[in-house]
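Chain lettering (A, B, C and D) follows the sequence in which the chains are written, and residue indices restart at 1 in each chain.
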Amino acid sequence: MNAVARTFSTEGDYKVADISLADWGRKELDIAEHEMPGLMSIRKQYAATTPLKGVRVTGSLHMTIQTAVLIETLKDIGADVRWASCNIFSTQDHAAAAIAATGTPVFAWKGETLEEYWDCTLDALTFTLADGTLTGPELVVDDGGDVTLLIHKGYELEQGDDSWVNSASGSHEEQVIKNLLKRVASERPGYWTRVVKDWKGVSEETTTGVHRLYQLAEKGQLLVPAINVNDSVTKSKFDNLYGCRESLADGLKRALDVMLAGKVAVVCGYGDVGKGSAASLRAYGARVIVTEIDPICALQAAMEGFEVTTVEDTLGRADIYVTTTGNKDIITLAHMQAMKDQAIVCNIGHFDNEIQVDALYASGAVKTNIKPQVDKFTFANGNSIFLLAEGRLVNLGCATGHPSFVMSNSFSNQTLAQIDLWANKDAYEAKVYILPKKLDEEVARLHLEKIGVKLTRLTTEQADYLGVSTDGPYKPEHYRY
Amino acid sequence: MNAVARTFSTEGDYKVADISLADWGRKELDIAEHEMPGLMSIRKQYAATTPLKGVRVTGSLHMTIQTAVLIETLKDIGADVRWASCNIFSTQDHAAAAIAATGTPVFAWKGETLEEYWDCTLDALTFTLADGTLTGPELVVDDGGDVTLLIHKGYELEQGDDSWVNSASGSHEEQVIKNLLKRVASERPGYWTRVVKDWKGVSEETTTGVHRLYQLAEKGQLLVPAINVNDSVTKSKFDNLYGCRESLADGLKRALDVMLAGKVAVVCGYGDVGKGSAASLRAYGARVIVTEIDPICALQAAMEGFEVTTVEDTLGRADIYVTTTGNKDIITLAHMQAMKDQAIVCNIGHFDNEIQVDALYASGAVKTNIKPQVDKFTFANGNSIFLLAEGRLVNLGCATGHPSFVMSNSFSNQTLAQIDLWANKDAYEAKVYILPKKLDEEVARLHLEKIGVKLTRLTTEQADYLGVSTDGPYKPEHYRY
Amino acid sequence: MNAVARTFSTEGDYKVADISLADWGRKELDIAEHEMPGLMSIRKQYAATTPLKGVRVTGSLHMTIQTAVLIETLKDIGADVRWASCNIFSTQDHAAAAIAATGTPVFAWKGETLEEYWDCTLDALTFTLADGTLTGPELVVDDGGDVTLLIHKGYELEQGDDSWVNSASGSHEEQVIKNLLKRVASERPGYWTRVVKDWKGVSEETTTGVHRLYQLAEKGQLLVPAINVNDSVTKSKFDNLYGCRESLADGLKRALDVMLAGKVAVVCGYGDVGKGSAASLRAYGARVIVTEIDPICALQAAMEGFEVTTVEDTLGRADIYVTTTGNKDIITLAHMQAMKDQAIVCNIGHFDNEIQVDALYASGAVKTNIKPQVDKFTFANGNSIFLLAEGRLVNLGCATGHPSFVMSNSFSNQTLAQIDLWANKDAYEAKVYILPKKLDEEVARLHLEKIGVKLTRLTTEQADYLGVSTDGPYKPEHYRY
Amino acid sequence: MNAVARTFSTEGDYKVADISLADWGRKELDIAEHEMPGLMSIRKQYAATTPLKGVRVTGSLHMTIQTAVLIETLKDIGADVRWASCNIFSTQDHAAAAIAATGTPVFAWKGETLEEYWDCTLDALTFTLADGTLTGPELVVDDGGDVTLLIHKGYELEQGDDSWVNSASGSHEEQVIKNLLKRVASERPGYWTRVVKDWKGVSEETTTGVHRLYQLAEKGQLLVPAINVNDSVTKSKFDNLYGCRESLADGLKRALDVMLAGKVAVVCGYGDVGKGSAASLRAYGARVIVTEIDPICALQAAMEGFEVTTVEDTLGRADIYVTTTGNKDIITLAHMQAMKDQAIVCNIGHFDNEIQVDALYASGAVKTNIKPQVDKFTFANGNSIFLLAEGRLVNLGCATGHPSFVMSNSFSNQTLAQIDLWANKDAYEAKVYILPKKLDEEVARLHLEKIGVKLTRLTTEQADYLGVSTDGPYKPEHYRY
């Protein structure tokens, strides 16, 4: 459990923690395939046509067992894939090893530094043509938008706008990115322009990344067509909700083995992630308090019997804090200093800035590492708090993320989005698209048999009465599920 | 409990069961006002400006205590109101009496015949000008679309198209409507044309009614602007879901006092109404089976741990059947004949055609009335089933519908829609509109204080980070809650 | 809904509200029989032997549809039955009528005065021998111990101890009983001595009544053998828990149609009744706070995620108060005066003294009757509270009590206890007995088939390994289920 | 993840996996102390009097972090402690190291062979007097009864009855014990007689161990007074129920990261462990089926909405099987062969014989080790199942057992039992005792403050009304909670 001098396995075109874990990873991949019927069905359906034949695809997405099944699905339908993780703690090293062992370039390990993280992202971006020219992906699978950010910012610099790379940085990570871009600028002149020339699209997975895409599109700066995978019903209403309902407690348990029954837990935010988190904690017998800024979500929480109040009102009586907002500064340093002794603080939203981690580090609180991803901070008043996964995603940092079955839904959407982007590369504009409801329903359908669901089928008379087709789609676009 | 010779109170411009119930109704209205903070707040806000001053409003909506608070809110902001119920069983007679006693014309009682029902609708539609001319409403509050239907069909006939009124009818009710239109045609020539001339808009409450409006709009036949109130989040995600979670069991209990724990209950449909119904039955310890045609909703049901299969698969083992679909022929006569002895069949969706009630009546099954709205049908094989509220809405037929607090959300949307329609009567086209998200959030906000919710407020930095205003709206249009 | 001049049906040896309700009652009895498999099975099993043949049985137990099935079961196995209710509000008049119509003497109606109540109890006690001599029951079915109290106190008086009947009374009801005993003393000299001579036993249903029996037994004053039916697992862990889980919300809904979601509800006491009540309210989306005196029950409540605090701590923030304790002065007048406006106060424990009802009446608060069993009290500060069923059992006063299926468990225990008492009338001493676990298991077994349960059967090897018989009993006596 | 050549840390009077883990263990011990208020309070209360001063105590109980806090509590109140685990997989190596590092002899590591396990048990039993004489404990803390078994069987052999050690063994483990006893007989003649001479009592933790004690007592073979800690309410109704509600899912998740939502899970047995297991799985969205032999428990399961049927009926449709019975042969080889492909089989009851593990090993199924404690068995028909923790306790084998807070309840009972046994060593007979209810309530009370519970206090009038003391105990002995 002590820090170990780090060694890597880098014999081929990959960089992973330990290639000897490949066998174990493969066994777990075999198991996961049984839990991911959507991806397996897509493999079968497109085995003959290989719609991504020879297409260069870069993925930046938590390098877990489930992602490994996604990678192999993309390869099965023809893609030429390179991969990095999108979070410094989320890689499962045996999964990365199993992928590396098959010859797919993967650059990811659990516990990267920020410098290593962005280097890995660049490695995953960098394809080498037969003539040795360095180029980039034709399609990107993104989660949080880091690849998209890097290409856009690199391209901006090559277009002559160096204002951003030379501006003051709001965080250490921001500076790391700027340093990287400057290095690329000197080492690979014209590289980003070449990359952008071939780039045909990106499919994005998360609320936060999608939000960035819409902002780029609104400003007219988006370089390629994008598919918002997050807002497929079978993504946001499943991965975000049911995924977190399973993986939040898993992260808490593996981190601290804490009894949840009888505890007071504060869930900040009652979107899909917050709904899943609150449901899980309550089911364990915790008393859950919700914080919200949106009156509609607040009213939903109240209708489910949750107390809804501010973080300030909970200080001194709550034992566990979970941020789920996608916003920043939700748990401030002042909050942490006023918490009950031994309170647990973690984030399952998106970035680590939901918690004021930097301020905590700078506060003079004494840090004691309990075990990887579990730190105790002791304040001057003698109280301590536990910070999990350094404020990054607790389910991926302290456990293994969402289980395979729910990820099969998300990744089926990702795969269909990739196929769609390539098929329509000449038709689509540089805008943000959503997958048609028909495909959304198809993704759901692919997962029903595995869990024994028997669908009812509309008669023609019933379909006519509703004014829909017997084969769907069954609902108007604005339907909320 | 026997049929009573029916007498009515009709001393003024109203028709109710018993005007002497007005005092009791008023006491319950007083209680309900405390539970309907949204409506009370709107009264206060618009007390001075009375935005509906003198506007003729016809309402067709379950004449309950909650609706009485809506009616008095519309009157408080200036409207000239006439009212009918939108369901033959849903009137609470003391609520109707209380409204009638204040001089507001209301035409509704519990247990109308279909002929009486449509006559009441016509009465609620018929305003008399100072000069004695009969005219219609300027605005309509609709639930299920019956007033809208009547005006459209009446107008169609006066335009010279008598194909529909002379066509064969698929149901007894259809024929009742046609007869009424023919009578009006002879008694009030040109009436519907006059009505349409002044009619400025309709706000509609239910999934089914909204669906009809979209169909009219698509065909270019919609005569006025319409506001789809159903798809306000604070309507469909509250009334449909949390309302049914409270009122389904209430209907079952008042009808049959049945133990729900240990029973197998089949919920047909897993939309918002189905979700609320299934949650309620499970909470009582029933084992709930869901039927669905939509793979996404089916997967949601499965993720919540419900068995999902077809009605056919449940016959002989299920004790309770609840339809929630808005579709027809969900429970067929053949289903009912094959059910377990003493199975209970009811509908909380929309129309009574979710269950093949007509076929049941015609089947030769022996009908025994247990008490109002509770009938036993005994089949030739000796088995019986119980049909509640003759297949109409069980929560309104056998209990008192949704509780006040949730209806305050729906009716706040209705009221805001009425104000909006009138304010924009010159701007809006004959299309279907949805209330802006900002108003949706406002409706929620009006209900938070009553239940002690304390909202968190975004800082400017946080709002900028998200790219929203600190005052909302907080979510993109496609957000599903 | 106004007070009606009361008339009764008293044509035969009975006194009920309206004998013409008998047909309706019979229809509901037919339905209930399907839901009470335990009683129906006992009827079948003992049809030939009629173990209570000719035995005089007095019952004092809520005169509901379910009790009617119990009465007819006792009659089927031979008993000569007379019945009263054990609560002034709990009678279902159509049930009483149905029983009266069959010639069984029953003295009960909904809304008795206390004087009427105790007169009914005396009527139910009074059997007339062929020679015209007045005598009493040989067996008593008791719920709350009122018949047992009356006989013991009457006998005490005839034994020459008049200290109690002449003492000051702590409540109006106490004085009513004393007056009755004095009247009997003058009208029927020696009556109670004759009653006691023939009395062979009592089976008692509730926690409170059982508690009284143990107290009598400890003091050596118990006159007959008693069976504690309450502590059969299939009674206290079913009726008290699952019965209340179904009937509390039913009472609240029928009384006030109130939305439970989002409300703060305080459940006083976390025994079986409190557990059922808290579970039900939470399932509706209420936020439940528990009060407890017992640290073990308090810890259980906390493990289920309930806030546990004192009544005082909840004043001003809670909307609903439910007492479940079997103790007195749980909700005091001072509590009620400090409650949030429009708070609802009710009792599902045992006696109305859980709430300081007498003090409320005497407090000067203005009482407004909303409808039967629903009263509003307005205090000087302008706030009001709602008191349901005058502080008596809300599920029986405002709804119809527990559903049939769970009562079939309780009443199967009652019936088996009656059979056992009679069979062992010469063997048993004047002590409190519990039914053997084997019978408890048998009661459960009789209810499994109806709800489709398929039991697993121990192999001989497994039974030997556990050291039990393959036929049970399966658990040690101290097992808590 | 591969098998490693095993090395041990054995520098002192201990045998643990790696003494260098002591620091990490100590950090987790510090955290656990905050979650174990009962034990910490007992330390404080008895710090001065040290009621176990110099008493030799042997513990045989899962060597986890929580147990480490128990061990240090026993030491704090004076005991001379030696410890072994009671399960080959349940040791947390860092906990064992932390204890060993303080000089307390501990013999335990994760993944012992059966031979190693029983040798460890003997080591924990073996105290050396100042003169070098080997002797045994004066008190035993037992979990499952292995120390008690070993002493009784060893003593039986020394008394001249060698029938058991020479009989045929039903399992490999049985033979291991016999071999050990024979070795001790040859190496330490008269040892067990010396041990028994000083042995004053045992406190036992589990249902199974308690059952064995009652059997010994009934046959008159029990050698010392025993306290049944399992049946303290604050043990069986907390550890068994709420402990499993937290740790079952933890074991499943750490073993296989499987999605629980949508799965069909079979819980065999609906005692406290089964109740906790079923509640947890349902909360995750699994559809839970219960199997039971006891009609009362079966009816409880049905009232909670679970399908209750036989294991046979679930084959082919269930994904997860969990045994909770304390009985044997619950999941047979034939069951496993007929299960759905990729079904998961595990045990959280007591011994591994709940599943026919031996038969599985002998069946010819191909075993693939996925990672420690996770094995896949592939049958001839191509289907596989996953067996967790080799059929031993899945929560301890695949995760870290119950969380600290609930174990603080159990271990407070253990500590109070040890104090009680020693205080009454001259008074108690060789029978099985239960701790008085007063202590049970005290244990609960010690845990309330930590989780913010505020108890209500009885007034004297209320206590008199109930006939109890204001300080408790509050319930009759037969109360079931």
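The rule is short, and it goes like this: contacts are C-beta pairs under 8 Å (C-beta built on N, C-alpha and C of every residue); 3 or more make two chains touch, one makes a residue touch a chain.
Protein names from UniProt, one per chain: A, B, C, D = Adenosylhomocysteinase.
Please read all numbers here as calculations on a predicted model, not as lab measurements.
Visitor: Could you tell me which chains are in contact with chain A (Adenosylhomocysteinase) and with chain B (Adenosylhomocysteinase) alike?
Guide: Where chain A (Adenosylhomocysteinase) and chain B (Adenosylhomocysteinase) share a partner, that partner set is C, D.
Visitor: What is the touch distance from chain A (Adenosylhomocysteinase) to chain D (Adenosylhomocysteinase), in steps?
Guide: The fewest touching-chain steps linking chain A (Adenosylhomocysteinase) to chain D (Adenosylhomocysteinase) number 1.
Visitor: Looking at C-alpha means, what's the farthest chain from chain B (Adenosylhomocysteinase)?
Guide: D
Visitor: So the centre of each chain is just the mean of its C-alpha atoms; given that, what is the distance between chain B (Adenosylhomocysteinase) and chain C (Adenosylhomocysteinase) in Å?
Guide: 40
Visitor: Once you find the CA centre of chain A (Adenosylhomocysteinase) and the CA centre of chain C (Adenosylhomocysteinase), what distance in Å lies between them?
Guide: Taking the mean C-alpha position of each chain, the two centres sit 57 Å apart.
Visitor: For chain C (Adenosylhomocysteinase), what residues touch not just one other chain but two or more?
Guide: In chain C (Adenosylhomocysteinase), residues 242, 261-262, 284-285, 299, 302-303, 307, 451 touch at least two other chains, as defined above.
Visitor: Using the touch rule from the top, collect the residues of chain D (Adenosylhomocysteinase) that touch chain A (Adenosylhomocysteinase) in their complex.
Guide: Its residues touching chain A (Adenosylhomocysteinase) are 1, 21, 24, 27-28, 31, 34-35, 65, 94, 242, 245-246, 249-250, 253-254, 256-264, 280, 283-285, 317, 341-342, 368, 370-371, 376, 399-400, 402-406, 451-452.
Visitor: Once bound in the complex, which stretches of chain A (Adenosylhomocysteinase) touch chain B (Adenosylhomocysteinase)?
Guide: It comes out as residues 211, 214-215, 231, 233-234, 236-238, 242, 291-303, 308-311, 313, 326-329, 409, 434, 440-442, 444-445, 447-448, 451, 453-459, 461-462, 465-467, 472, 474-476, 478, 480-481.
Visitor: Going by the contact rule set out above, which residues of chain D (Adenosylhomocysteinase) touch chain B (Adenosylhomocysteinase) in the complex?
Guide: By the definition above, chain D (Adenosylhomocysteinase) touches chain B (Adenosylhomocysteinase) via 261-262, 282, 285-288, 299, 302-307.
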